[in-house]
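Below are two complexes that have chain A in common, paired first with chain B and then with chain C.
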Partner chain A sequence: MTNAYDEMWKRLDLDLTAHEGLLTVLGKFYNDIYLDQNGRPRGMEYLDFVISEIHGLRIQEITKAKSAGKKVFGTFCVFVPEEIILAADAIAIGLCSGAEVGSEHAERYLPRNTCALIKSFLGFRLARLCPFTNSCDLIIGETTCDGKKKAYEIFNDFMPIYIMEVPNTKSPAAKELFRYEVERFKDKVEQVTGNRITEDRLFAAIRLVNRRRRVLNRLNAIRAAEPAPISGRDALLINQVAFYDDPERFTENIERLCDELEERVGRHEGVAPEGTKRVLISGCPMAVPNWKLPYIIEGSGAVIVGEESCVGQRNTRDLVDEDVRDMGDMLDAITDRYMDINCAVFTPNEPRLRDIEQMARTLKADGVIHYALQFCQPYAIESVKIEQGLKRAGIPLLRLETGYSMEDIEPLKTRVEAFLEII
Partner chain B sequence: MFKAGIDVGSRSIELVVLKEREIYLKTRQETSFDYVSQVNNMLNGLDLDATLVTGYGRHLVSRKLEIGHVTEIKAYAAGVRCLYPDAKAILDIGGQDTKAILLDENGRVVRFEMNDRCAAGTGRFLEIMAQALGCTVMDLAELALSGRHCLAISSMCTVFAETEVVALMAKGTRAQDVARALVRSVARRSSAMLRRIGATDRVVFCGGVARNTAVHKELEDILGTKVEVPEEPDYAGALGAALLAN
Partner chain C sequence: MTNAYDEMWKRLDLDLTAHEGLLTVLGKFYNDIYLDQNGRPRGMEYLDFVISEIHGLRIQEITKAKSAGKKVFGTFCVFVPEEIILAADAIAIGLCSGAEVGSEHAERYLPRNTCALIKSFLGFRLARLCPFTNSCDLIIGETTCDGKKKAYEIFNDFMPIYIMEVPNTKSPAAKELFRYEVERFKDKVEQVTGNRITEDRLFAAIRLVNRRRRVLNRLNAIRAAEPAPISGRDALLINQVAFYDDPERFTENIERLCDELEERVGRHEGVAPEGTKRVLISGCPMAVPNWKLPYIIEGSGAVIVGEESCVGQRNTRDLVDEDVRDMGDMLDAITDRYMDINCAVFTPNEPRLRDIEQMARTLKADGVIHYALQFCQPYAIESVKIEQGLKRAGIPLLRLETGYSMEDIEPLKTRVEAFLEII
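Moving on to the complex of A and B:
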């Protein structure tokens, strides 16, 4: 079967046969997990469309922008300040790595006990299946976990990669280091794009990214309503699409969706009846198309009301201060904002426990499901302290560790169902 | 009032029918590939007021036969508390999984642990090891009890453990000593799971593997406490499901 985008994908050096297979599987998966839901908001049509064109229209848009001279930067972590990329009139794409793809390729280089996300980003590249990765002029890596750090060294043999140093504590010296890294990144982006980042442009970019964060925060706040006006799966999808869609268009569409959700809340309408068990998810990021756990949780009769995750609240809660206009002050403000993210790579990381507690209370969650990607040491180990802390606060927690493969679906269902029976 | 509980496990299906709170009927079959029809046949001719299904096959049976389902965890908690009202923890070792469940004073589940990807140390593991030793799984316990503590099986993986057993036998190690070591390894894994949930005493051991008296003895030995085993330990899940049915 030929596809209207075949030429474009060929130019991006994709493996067309394998890529078609991937899109078929993804389509079927999306159908089962998303389109079969009852009572979805009308506004989700936009997301359905974006997903149906995941490697099509958006890539076409990016390709056009590239031929007009724009540069594309790919990122793997919410610590890379998107504002700086946008201020240089370039495109920022949060690369997903949420599918078990090309793991046999990745395992030629990586140990088997490497987390699924790392295997996936190398796998997508080696199996030539991601048009986003292949559209990038530069990939921005970062020193968060050891697995990523070392895998970037390998990735660098296949694509140019630039590494930002993210410290592992929040000491004044660490903040100073990250401030330096923000400035160094700005220089790099200016050099790659050939565009100078002016104060006005940076200010505009800060406001744009903040707008997108605000709309996602608005969405997250609406989810505190009972009955829940939107499923956790849909909300996760919105958070996922935020990483690669055009920020202006995305924000507009999600504002409209939020209007619709507020009307629903006003009418006491929800996706699940009042009294449905409410679950907060906390832990590792769930990148497209990693919908496995939300599907299991909501398939077991609960509704997910929040994500304490990089694909979720950690990416949106804090805004960059908009009260400063001077270049140095704006870079300070960016540094402060990003250094407030409570990722498990930091030690100590007690503020994350407070975030989870607060979200559980605000969103009226009956329990928390802690999700660690298998072999992700920072989150898997931190979950012990999280469990102890939540126990003191009287909030039930279920710790799960899993990857992208479907082999453990049945035991996971049993655990989740048993947890829902308890809470 | 007649209430039925069905436990569709990976190796066997148990049915318990209660008349009020007394056991009226119980049957057991090996699980076949078409377990939905099997359950349907087992229920055939029974006039029931309520039915509940548990176990690994619960979703399919629930959907096809339009009956409610409950997890094994909740079902075992209910079943065990009916048999032992002061039980604080449950170890359930079935055909392919192991579960440790901690209960509060009212018999409600507080915490649980279970194996996920690997089925080492479960009933199927013992079946395969018995085969390697040239005995039946029923004889394995007796064999192990006559063995000495003189070696350890180091492999967790069923496939590697089988190879290890074969190698030990080839070296002339006594079958009863190998059996003892196998049983010890199962008990050690299970007791680690019990410790993770914080279980210390008043432990009830059930599921098919609880019929193995050697595993039971080793478990008591490692935990340093008395462990209760119901007379028919593989019916605890079905009993619990029957009690919860309404």
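Moving on to the complex of A and C:
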């Protein structure tokens, strides 16, 4: 691959040989899953470019910014308020956790029956394959699920980690706890960056992140059109890249893509013929390059029209209130916005069922496929109530539990195809 | 079995046929594991009696108390402050969760890869086999691990449940959250019982529960003697029965047992010859009748000298401060005491390592066997750090992960025997 970056990757302590192997596999994978699609919007070229340079140009940008004194914060969860990082003139990035990489390393420290996403982030670090992780000045973990909460303790032996507490309920006291965590995080970011987060800077950061959320919401709304103007794979990719790319540039490019999609909708043009079965995905996040299930679903002749997921609607729907300018009020607004996320780690979490129902109706989905990472207890257990609730609402649901391995592709395909036949 | 209780069990909506089968199996099981031991203390007769009547006389007592207007609160976790329940003149009991019962029912609602304890409590309820669960006016759940937190949502469709939030860290804000939860719980118990919790009543309850803790700590301390005056199985049973029995009667009986054990120690008399390998158990709780691992360990020729477990030291070590009498101060003292429990759901949880080290030294253990229920992420993941830490301290550790099924008895035996040979 691009040897031009070898020096940079070496300085980031990557395992060059293994990394080249990874990029080769990913390139082939991307080719099969993405580039072979028919009728893709022209605007996806930007995403193709970003992905082709995700460990190259983007890391070069980050490296340059670091030389100029910027700090880099890595995260694995939509509960970490990016606004605060950006307000301190620092860079926020999502970290590698979407591929079965370095499992043999990770399983030296984590039980085999740990979810693939968690094994992956430790595996990427131990196998020295993620230039994002290795560029971080600090990684921000959170206490969402048991698996991550405890795995961060181990990860901490290999990378500096700071933990934000996310509570288990949304009681007033729990919200107060998170408000305290938001403030504590602000102090930490100021300390690491050496930059004071002023009211003006925080306000600008809130508006910037909201802008990115708005364009992603615009994209999601366009997908209600029939025929679907964009594949679910492509929409997922956009949501994934949102965690890596420069927020301003990303937003501009997705605005242009949305213009194109709206023109398509005006022409009744789609990526799949009218009448194609429409599926809503709901459940665990899919980090790059976890495209397994969308590939199976769309490869079975359906089109995915929405993602009730942290890499999807849960990351974009709610905006931080822009009507306040005082520091305390803005931190309150941030707290409120993040505590509105309906993640399965909360109990009770009934509003998530309403979210799924509403998305299914708005996006005219014929059915919902619930995706739980194997060994992800919050989503796997919650899916039972989701199934019961959707049944009452007359919306068919298929519950799947899988990891990153390709070994179960065939049985998954069979189940998806059977589901598509009955919806 | 005792048909005398059939009417009572019927009124409690038990499945009489299946329940009779369960008691028969448990009786046989108890006979093999407990009654066949050599050199048991005489005081264990009380425990044998309690166990033989655990679904009989004790339920009769509870039923009578209920007819007289008392309320019954059931729990699955040592984070629920029993003091508050007792102060409202109500009954607090631990609920059935230690046997592979009703799994086929439970697995209709819970993923197969859910820990055995959680499947068990739902299974007991759905198979109508636990007279304790069915006697409850309210079950108090908590947000300790993901599995329980989410399973309570399902359990709630079959029993009234109230959830207490246990935080994920021990930060000042997290302690404040738990303080709020303690107060909210007090209000709830007052509302359910109709009894006001006065300062005097709460103080009396604090002293009563502390008294029970003290006698269990006394028992644990006696086990430091060589040869061990009591088997680990019997000590575990005592810790288990502490969750079911009337606290005053239990305390008196265990005091007498401790007197007997001290006499034994004076005579250098033990349940196993001097030089027997001494093992400390550490990890997940073992609810009645989960005696599988102790049976394997002691059946392999070792003696268990301590339990770093919620059914063991984590439930007894710390007392609530008895030096305060004001309501607010007592609720603070309760908060402090419970937030001192070093459960693996907290991050970080380093003090647990120190607890294990200290127990291993005090109890003169030759090694530690770490017990994680299969799919219990907090304990399974934490065990890696525990292993590393004990290695540094020169204390050998064997990590085991198992459920309630008897299918893995042979491989477990092999591993335990190999471990006992090297320590």
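Criterion: the second predicted complex is superposed on the first by the 420 of 423 C-alpha atoms of A that agree within 3 Å, B and C clash if a C-alpha of one lies under 4 Å from a C-alpha of the other, contacts with A are read in each partner's own complex, and residues count from 1 in each chain.
The working rule: a residue touches a chain if its C-beta (ideal position, glycine included) is under 8 Å from a C-beta of that chain, and two chains touch if they have at least 3 such contacts.
Since this is a predicted model, take the numbers as computed values, not measurements.
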After lining up the shared chain so the two structures overlap, which partner does A:Gln377 touch, if you call chain B first and chain C second: first, second, both or neither? second
Which holds for A:Leu412: it touches chain B only (first), chain C only (second), both, or neither? first
On the A-aligned overlay, A:Leu35 touches which partner chain: chain B = first, chain C = second, or both, or neither? neither
Have a look at where A:Ile422 lands relative to chain B and chain C in the superposition and call it first, second, both or neither. first
Look at A:Ala393 in the shared chain and tell me whether it touches chain B only, chain C only, both, or neither; answer first, second, both or neither. neither
Just chain B (first), just chain C (second), both, or neither: which does A:Ile163 touch? second
Going by the contact rule stated at the top, is it chain B or chain C that touches a larger number of residues on chain A? C
Tell me the contact category for A:Ser171 with respect to chain B and chain C: first, second, both or neither. second
Could you tell me which stretches of chain A are touched by chain B in one complex and by chain C in the other? none
Contacting residues of chain C [partner chain A, same complex]: 109-111, 113-114, 143, 145-147, 149-154, 163, 165-169, 171, 173-174, 176-177, 180-181, 344-345, 347-349, 372, 374-375, 377-378, 380-382, 384-385, 401
List of chain A residues in touch with chain B within their complex: 402, 407-408, 410-415, 417-418, 421-422
Report the residues of chain B in contact with chain A in the complex, numbered from low to high. 56, 59, 70-74, 97, 108-110, 112, 114-117
